[in-house]
Amino acid sequence: MESIPVEHGLILAAILFSIGLIGVLTRRNIVFVLMSLEIMLNAGGLAFIVGASRWGHAEGQIMFLMILTLAAAEVAVGLGLIIQMFRRYKTVDINVLSEMKG
Amino acid sequence: MDITLADLIPLLPLLVTTGTAVVAMITIGIKRDYGLTAVITIIGLLFAALSAAYLMPNTNSQVTPLMVVDQYSLFFTVVTCATAMFIAIFSYSYLANLDDHKEEYYLLLVIATIGAIVMVSSNHFVSTILGLETLSMSLYGMVAYPVHVKKPLKFPLEASVKYLVLSAAASGILLFGIALIYAQTGTLEFASVVNVPNITEGLDDGFTITALVLVFVGIAFKLSLAPFHMWTPDVYEGAPLPATTYLATIGKAAMFVVLLRLIEASEALTFNSFILVISLVATASILAGNLLALFQRSLKRVLAYSSIAHMGYLLIAVVASYFVQGSISVEAVTIYLVAYMIMSAGAFGVATVASSSEQEFDRIEDYKGLFWRSPWLAAVFTAMLLSLAGIPLTVGFIGKFYIFFAGVEAALWILLAVLIVGSGIGLYYYLRIVYCMLLAVDVEQKFDIALGRNISSHAVLVFLLVLLIGFGVYPAPLMAMIETISTYI
Amino acid sequence: MILVWLIGVLFLGGIIAWLSERLNPNYPRLIALITVLLDLVLMLTLLGAEPAIGGWVAAIDAPWIPRFSISFYLAADGLSVLLLLLTAFLGVIAIGSAWDEIKVRAGFFYFNLLWTLAGVLGVFTALDLFLFFFFWEVMLIPMYFIIAIWGHENKNYAAMKFFIFTQVTGMLMLVSILMLAYFHYLQNGFVSFNYHDLLTVETRGPLEMWIMLGFFIAFTTKLPSVPFHSWLPDAHSQAPTAGSVILAGILLKTGAYGLIRFAVPLFPEASKSFAPFAMTLAAISILYCAKVAFAQTDIKRLIAYTSVSHMGFVTLGVYAWNEQALQGAIMTMLAHGISAAALFMLAGGLQHRIHTRNMLDMGGFWAKVPRMAVVVLFFSIAALGMPGLGNFIGEFLALLGAFRANIPLTVISAFGLIFASVYSLWVIQKVFHGEYTNSEFDDSHLTDLTHREMVYYATMIIGLIWMGMYPQSFLALSQPVLLDLISSTEEIVNIVVQN
Amino acid sequence: MQDLIWLLPTYPVLGFFVLVLTAGRLPKNIVAIIGAGSVGLSFFTAVIIATQFLSSGENYFIKEVWTWMAVGNFSPGFNFYLDGLSLVMMLVITGVGFLIHLYATGYMADDPSYSRFFSYMNLFVAAMLMLVLGDNLVVLYLGWEGVGLCSYLLIGFWYINPDNGYAARKAFVVTRVGDTAMALGLFLLFTELDTLNIQDMLYAAESEWEVGNDLAVAAALLLLGGAVGKSAQLPLQTWLPDAMAGPTPISALIHAATMVTAGVYLIARTHILFELAPSVQELVGWVGLITLLMAGFIALTQSDIKRILAFSTMSQIGYMFLALGVGAWSAGIFHLMTHAFFKALLFLASGTVILSLHHEQNIFKMGALRQKLPVSFFSFLIGSLALTAFPYTSGYFSKDEILIAAHGLEGPGIIFFYGGVLGAFLTGIYTFRLFFIVFFGDSNAAHPPEKEYGGWNMNGPLILLMILSLVGGFIAVPLDPVFGHHEEHHVSGLLHGFMIAVPLVGIAISFLFFYTKTFSVEKLMSNTFAQTLHKFWNNGWGFDWLYDRFIVFPFLWLARINRADIVDGFYTLIVEISRTANVMIVKTQTGYLRWYALSIAAGLLLLITIGVLL
C-alpha cells in the first residue's frame, strides 16, 4: 500500500513542536503554559509514531505510550504546584514568580 | 526476551534501592516516624552502594536491552548511592524542625536515586527517559518540599515551578530529538548515527545533526550549560539546601554519564559542526558561569554559577575524546565528575550543616569570620572551595590536571585558553568567600554549629574532606580504578 | 631521604606549632624556630655529602602516580643546596622578625610560615615536573593566608592579586609541562614528568618557543620581571614583615631557580633565540622599576620596586648563559635575598614603631635611632652594589658575563647602577637625614633597635660581607652544576646547528 | 717586611671596625688615638716598606693575599702590587692622611659624633690604599667605590642640614656616572683580554692591539670616563664645589690631596692603554686644559674661601691631566704629590681661619687677619706661593715640568703650553686675591677672632706641610721604572723666564687690585658685560643649570608622572573589563520564566543553524 513519506510526518511533528514551544514562550497563564508543554511532548510522540511506521517497529509506539504517561505525570505535579501558587498569589500569571534574580 | 534470575543479580543495587523506597513507604503508612524513615533510607542506600561495590569487580552484562551493568555504571551507582546517603544524612538535621510531614521527603530522595541509577546504567533511550523523568519528578517534589510550611517561604514554590516548566520543555526537546534519531536510525539504543543503512533522501546529515543538537540541548539544559543555564541559580537558591545538593551532584553526574555514553556510542563527534556546537557551548558556559559568579552575594547562587563553569570544563574533555587515542578523556570526565561530586557535596554540606529548614544561611557575609568561630567547619569549606578552584593538594586539582592533559593531547588550544581564563576569574570569587571567612569575628555569633545536634553530618564532612585531600595527595588508586572502568565506555 | 626529612619536618612542625597555641600562645614561635633551626642543621649535613653522578648530593625517587609515571623525585645539587640554605636562614630571620609583631593567632601564622618554607624547599629540590608544579602551587596558599590575615590596610586586594597572578601564569606552565610530557609520550611511547627524561625530549620548531614561553611567563611572574611585576609592590606593602621577608628573600628566587633549572636547559635553542628579548625585558625591569621606585613615597613599595630592578640582573645573567653571568645571577639571588629581606625588616620595624610607611612623614631619624640608621645605611649601600658586599659580586659578574652575550643591553642595564644609587641614597636622605620632626605621627614607640634585632641584622651583615669578600665558598658549590648545564645545552644547540 | 704590606689598609680597617662597634661610647681622646694612630701606624709601616723597596732595587713587588673569586678564567685576587707609582701614592696617602687626621683631632674636638667622623676617615684611608695598591682593576674598583662612599658619608657628615645631604648625594651620583663608564671599561677589557690584572692586561693590550686600535680607544675612553668623574674634570666636575659642605679636613684629605687625584692615578697606572689610543690621550690633555682654565676663571669670582680652593684644586688636577695628555706621566704624578702638600696645607689653614671666625667662610667677611692668625697667615703665604709656582717652591718644579713637556709635544702641544701658562696667570690672580682679602685690608668680620684656634695637634701638621710645600719639589720620585725614562725637554731661557714671570704678573695684578687698591674691582665690574660674565663664571659656566634642565628635571618629571606604574594600569583594565562584563551578563538573569524559556529556544535555534549550516 502507498504510505505517507516519512518527511511529511516529521514536518507535521516539527510544526506541532514549534507551536508548543511558541506557546510556552508567549502565554503568561501558567495553565496554558502546561498545555503548550503537552503539545511539545505530543509532537515528540508523533515523531516517534512516524519513525515507528517507517521501520515497522513497535518501539516507537511504546515510546508514545510512555510519553503520554510521562506527560500526565508532569501535569499532575504541575497542577499541584499551580494550586499552591494560586493559593499564595491569587493569580495564575507566571510573571509573579520572579522574585529570585541577579 | 525474558529476564532470568541471573539477570537480576546485576540489578541488585537498583532492586535494593527500590526495596528501600517500598519499605519506607510502608513504614510511613504504618506509623509516621521521622527518625525511622531516615534510618531506613540511609541504611537502604548504604546497602545499595555496598552491593554495587561488591558486584563491581566482575560484572559486565547487558540486562535487557535497556540497561548495561558494567563496571562503569556500577562505579557511578556506588558514587550516586553514597552521595544520596550523605545527602540523606545532611537532610536529617536540616529538616528536623520542619513543621510539616517530613517523612515523604526521603521517599522522594530514594526514588530520585532510583532514577539516577537507571540513568548511569542506561545505554538505551527508553531507559534514559525513564531514569531522567523519575529523577526529575522527584526533584520537583524535593525542590518544592517545604512549600506549605506555616511560615511560608515563597522561594521553593517559585523554584519548583520554574524547574518544572523549563525541565519539561527540555524533556520535550530531548524527546523530539530522540524521535528524529529514531526515525533516522531505526533503533532506540545508543548506536552510531553516522552512515546509517538505507538512508532515505531528505534524512541526510543535516537532519542527523539537527536531531543530535536537539538531544544535546535537552541534556545541556539538565547540565545547566550556557545558554540553557538560566534556571540554575534560581532553582538552587529557592530549593532547600539538601535538594540543591542533590540537584548539583547526582542530578549533574547521572546526566553527564548519559551524555558521555551517548556521544561515544553515536560517534556524533565525527560531524565537525557538532564539535563546533559543543565547543561553543563549553566556551559560553565557562565564561558565563565564572563571570556571573564574580560579585554574587548569595552562596547558593555562586555555587550554581560555578557549577555552570565546571560543566563547561567537562565538555572540553568530551570534545577531546574525539581527538585522542586511548581513554584519557573518558578518564578525565570520570575523575572530574567524582571530584566535582565530592567538592560540591562538601561545600553544600557545610552550608547545610550551618543552616536548617527554618533559616538558611545563604549570604556570604553569614560566614564572616567562620575561621575563628568554627575553625573546623571553615577548614572544610576552604578545602572544598580551593578544590573547586583547582588548587593542588585537593582532588579538584587532579581533575583539572586530567582535563588539561586531555586538552593538550587533543591540541584544543582555544578551549584551553578559555579554561585558563575561566579558572583565573574563578579564583576571584572562591577566594572572596575564603577571605570573608578569614575576617575578624563579629561580636554576635551569627549561627551556632552545635556539634551534638548533627554529629553524623560532621562525620560525613570528615569523610568528604578525607576523600578530597586523600585523592588530592595520593590519587594513584582512584586513577587506577578509573583507568580500568573507563575501558567500558 | 634527608630531603624528605627536610620538608617533612617543616610540615610537621607547622601542624605542631598550630596545635601548641592552645597550650600557650608563646609556644608556636618557639616550636617554629626550633623546627627551622633543626632543618638548617639537617641541611648542613648536605654540605658534607659526597656528590653522586651528576653532582646530586642527595636524592629520593619513589613512584607516586603510576598512571602518568609521575614519581616523588627529590634531588639536590650544589645549586639547590645554596638555595636551601638561604631558605632556612631567612626562615629563621623571618620568624625572628615576626617574634613580637605577630600576636593574634600566632599558631596559625607559624603554621602558614613553615608550610610556605616547606613548599619552597620542595620547589628547590623537585626533579619531577609534576611534583615541581605541585610544590609551586602549594607554597602559594599559606602565603595567601599570611598576607590576607596578618596584612595591612589593603590586604584583601594584595593577597588576591598575588594569588591570581601566580595561579594563572602557573596554569600556563602546567600546559607547557603537559605538552612536554606528551611529546615525551610521542617520542618514547610513555608519558614522563621526569626532569632527566624531559631533557631528552626533542621539541623543535615554533612549538618549542610556545612551550618555553609557558615556563618563562610563570617564572618571570614570580621573579618578577616587567611586565608581570605589578603584583609585587602590593603584596610587599601589605604583607606583614615576615611575609615580605619570605616573599622578597625566597619566593622571588624560586622564579630565578626555575629559569636556570628548567626554562633554559629544557629549551636550549628556543632560549637562545629568545635571549635577546629576555635580556631586553631584564634591562627594562632594571631601569623602569628603578625609576618607579624612586617615585614611591611608601617605603615598602619603594623597596619592592627595587627588588624588581635587582632581579632584572638575574634575568640578564641567566639569559647571557655563560659561567660568569650565571654565577652572577646566583650570587645576586643570594645577596639580594638577604639585603632585601633586611630592608623589608627595617621598613617593617619602622612601621611597627610609628605606624606609617609614608616617607614624607619621616625625616631626621638618625638622631633618634642611630643604630637603625647605620643598619639601613649598610643595607642600602649593599643594595646599590658597593664592592666588598655580596650584591656587588652578583651584579658585577652578571654584567661581566652579559657583556659577552649582548653589549648594548649590558650597557643599558649598567645604568641601573646609577639609578640604584639615586633611590637608595634618596631613602637615606629622606628618612634619616635632616631635622627631626614628629609632627606627622606619634613617636612614643620610636625606639632604637633592640639587642635581639641587632643580632639578626648582625648575622645578615656578616653574611653579606662574607659573600662580598670571599664569595668563593658559594661559587664553588654552584660551579659544577652550572658547568654541566652550560655544556649540555651547548651540545644540544650544536647538534641542531649541524642539522 | 715588605710582605707586611697588607698591614697598610688593615690598620685603618681595624680602626674603623673598633670605632663603629663601640658606636661612640669611647672617650674622645681614645677615639683620637685609634683614629689618627691607625693611620700613623700605616704611615710608619709604609715608610719602612718604602725604604726596603727602594734599597732592594726591585722594580716592583707583588704580595698575594687571597683569591677574591674564581669564575672561569676570571679570578681577581686580593693582591698588592708595589712599584714606584703606588709607592708615591701610598706615602702621600698615609703621610698627608696622617697629618690631616692629626689636625682633625683638634678640628673636630667639640663635635658630638667625633668617633663617627674618624671611623669614616679610617675607612677612607683603607679604601684609598686598596685603590692604589691593588694589582688588578677589580680591587682598584673596590677601593674606587669605597672612597666614593666615604666621600659621600663625609660630605653629608653634618646630616641635619639637608643641603649637605644633597651635596653628598650629588657627589656620589655624579661620580657614579663615571664609575659606571669605568665598570663598562673593565667589562670590555676583560672580554677582550681575558684578564683584569693590570700588568698582564697592559702586556696583553700591547701585544694584541696596535696603536690606535678601536677597542683600545673604546677602553681608554671608558676608563677616562671614570677618571673625570672622580677627579672632577669636565664634564663631571660639578660635584666638587658642593662637596665643600663637608668638614674642612675632609676637603683637605679627600677633595684635595688624595681621592680626587685617583683619576690621575688610574690613567697613569694604565698609561700603556692610553699610549695605544693617542686620540684619547690627546683628549685627556684637552680635558685637562679646558678644566684648568674654566676652573681658574670661576675661582676669580668666588667669595667662599673653600669654594675658591675647590676650584683651584679642579684647575690643578687639570694640570695633571694636561701632563698625562702630553705623556709626561711622572710630571703629572709629581705635581699630584706636591699639590697634595700645598693644597692640604691651604685647606687646613682655611679650616683654622674658619673656626677662628666661628664658621665664617665668606672672604669678604674676613680681612686683616695677619696678626690675629699668624700660623694661618704663614701657611697661606707658603701655600699660595707653592700654588702659584713661585720659584723653588714645590709647585714650581712640578708645574715647570708639565709646561715644558707640553711645549715639547708637537701638534696641540703649543696650545697646551700657552693654555697652561694662562692658567698659571689666573692661578696667581685668584690665589692672592684670596690671600690679600683675607689677611690684609681692614677687618669685616662679624665677630673678629680673639685668638687663633687650635693647639699643637692642629698647628703641627700645618708647619710640617709648610715645610713640605717649600722643599717638596726636591723630592725625587722613583717613577722612571714605571713610565720609562723620558728624554728631558728643554726650552729656551727666554721662554723659561716668561713661564716664571707670568704667575708673578698675576700676583702683582691682584696686589694692585686687592692690596693697594690702585685699581678698583667696582670700576671693572661697572659695565654689564663684566657683570654677566662674572655671573656666568660665578655659576660655574652654567653646567649645573644645564644638567638640571636636561637630566635631573626630566628624570624627576618622568618619575612623578608615573608614580602609579602604568603597567599596573593594564591589569586594572582587565579587572574593569570583567567587572563590566559581569554587570552586563547579570542583567540576563531577569528571574522571568518566559525569558528563560526564550533563551532556551533561541539557543536551540542558534545551535541548530550553526550545526546545520557550518
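Going in written order, the chains are labelled A, B, C and D, and every chain counts its residues from 1.
We adopt the following convention: a residue touches a chain if its C-beta (ideal position, glycine included) is under 8 Å from a C-beta of that chain, and two chains touch if they have at least 3 such contacts.
Predicted model only: the values in this text are computed from it and were never measured.
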*In terms of C-beta pairs in contact, which of A-D and C-D ranks higher?*
C-D
*Take the average of all CA coordinates in chain A, do the same for chain D, and state the distance between these two points in whole angstrom.*
96
_Whole-Å gap separating chain C and chain D, where each centre is the average of the chain's CA atoms_ = 38
*Indicate the whole-number Å distance between the mean C-alpha point of chain A and the mean C-alpha point of chain C.*
65
*If you average the CA atoms of chain B and of chain D, how far apart do the two points sit, in angstrom?*
78
*Do you know which chain A residues sit against two or more other chains?*
21, 24, 94, 97-102
_Per-residue overlap in chain D, given as positions that touch at least 2 other chains_ = 586, 589, 591, 593, 597
*Can you list the residues of chain B that touch 2 or more other chains?*
161-162, 165, 169, 173, 233-234
*Between which chains does touch occur?*
A-B, A-D, B-C, B-D, C-D
*Once bound in the complex, which stretches of chain C touch chain D?*
161, 226-227, 229-230, 233, 291-292, 294-297, 322-324, 327, 364, 366-367, 370-371, 374, 381, 386-388, 392-393, 396-397, 399-400, 403-404, 410-411, 414-415, 417-418, 421-422, 425-426, 428-429, 432-435, 469-472, 475, 479
*Touch list for chain B against partner chain A, complex*: 125-126, 129-130, 133, 137, 140-141, 144, 147-148, 152, 154-155, 157-162, 164-165, 168-169, 171-173, 175-176, 178-180, 182-183, 186-188, 200, 202-203, 233-234, 237-238, 296, 301
_Sites on chain D touched by chain C in the complex_ = 20, 23, 66-72, 74, 138, 141-142, 145-146, 149, 152, 156, 159-162, 164-166, 168-169, 172-173, 176-177, 179-180, 183-184, 186-188, 190-191, 555, 558-560, 562-563, 565, 567-568, 570-571
*Complex interface listing, chain A residues touching chain B*: 6-7, 10, 13, 17, 20-21, 24, 30, 33-34, 37, 40-41, 43-45, 47-48, 50-52, 54-55, 57, 59-60, 62-63, 66-67, 70, 73-74, 77-78, 81-82, 84-85, 88, 94, 97-102
*asked:* For the complex, give me every residue of chain A touching chain D.
replied: 21, 24-26, 28, 94-95, 97-102
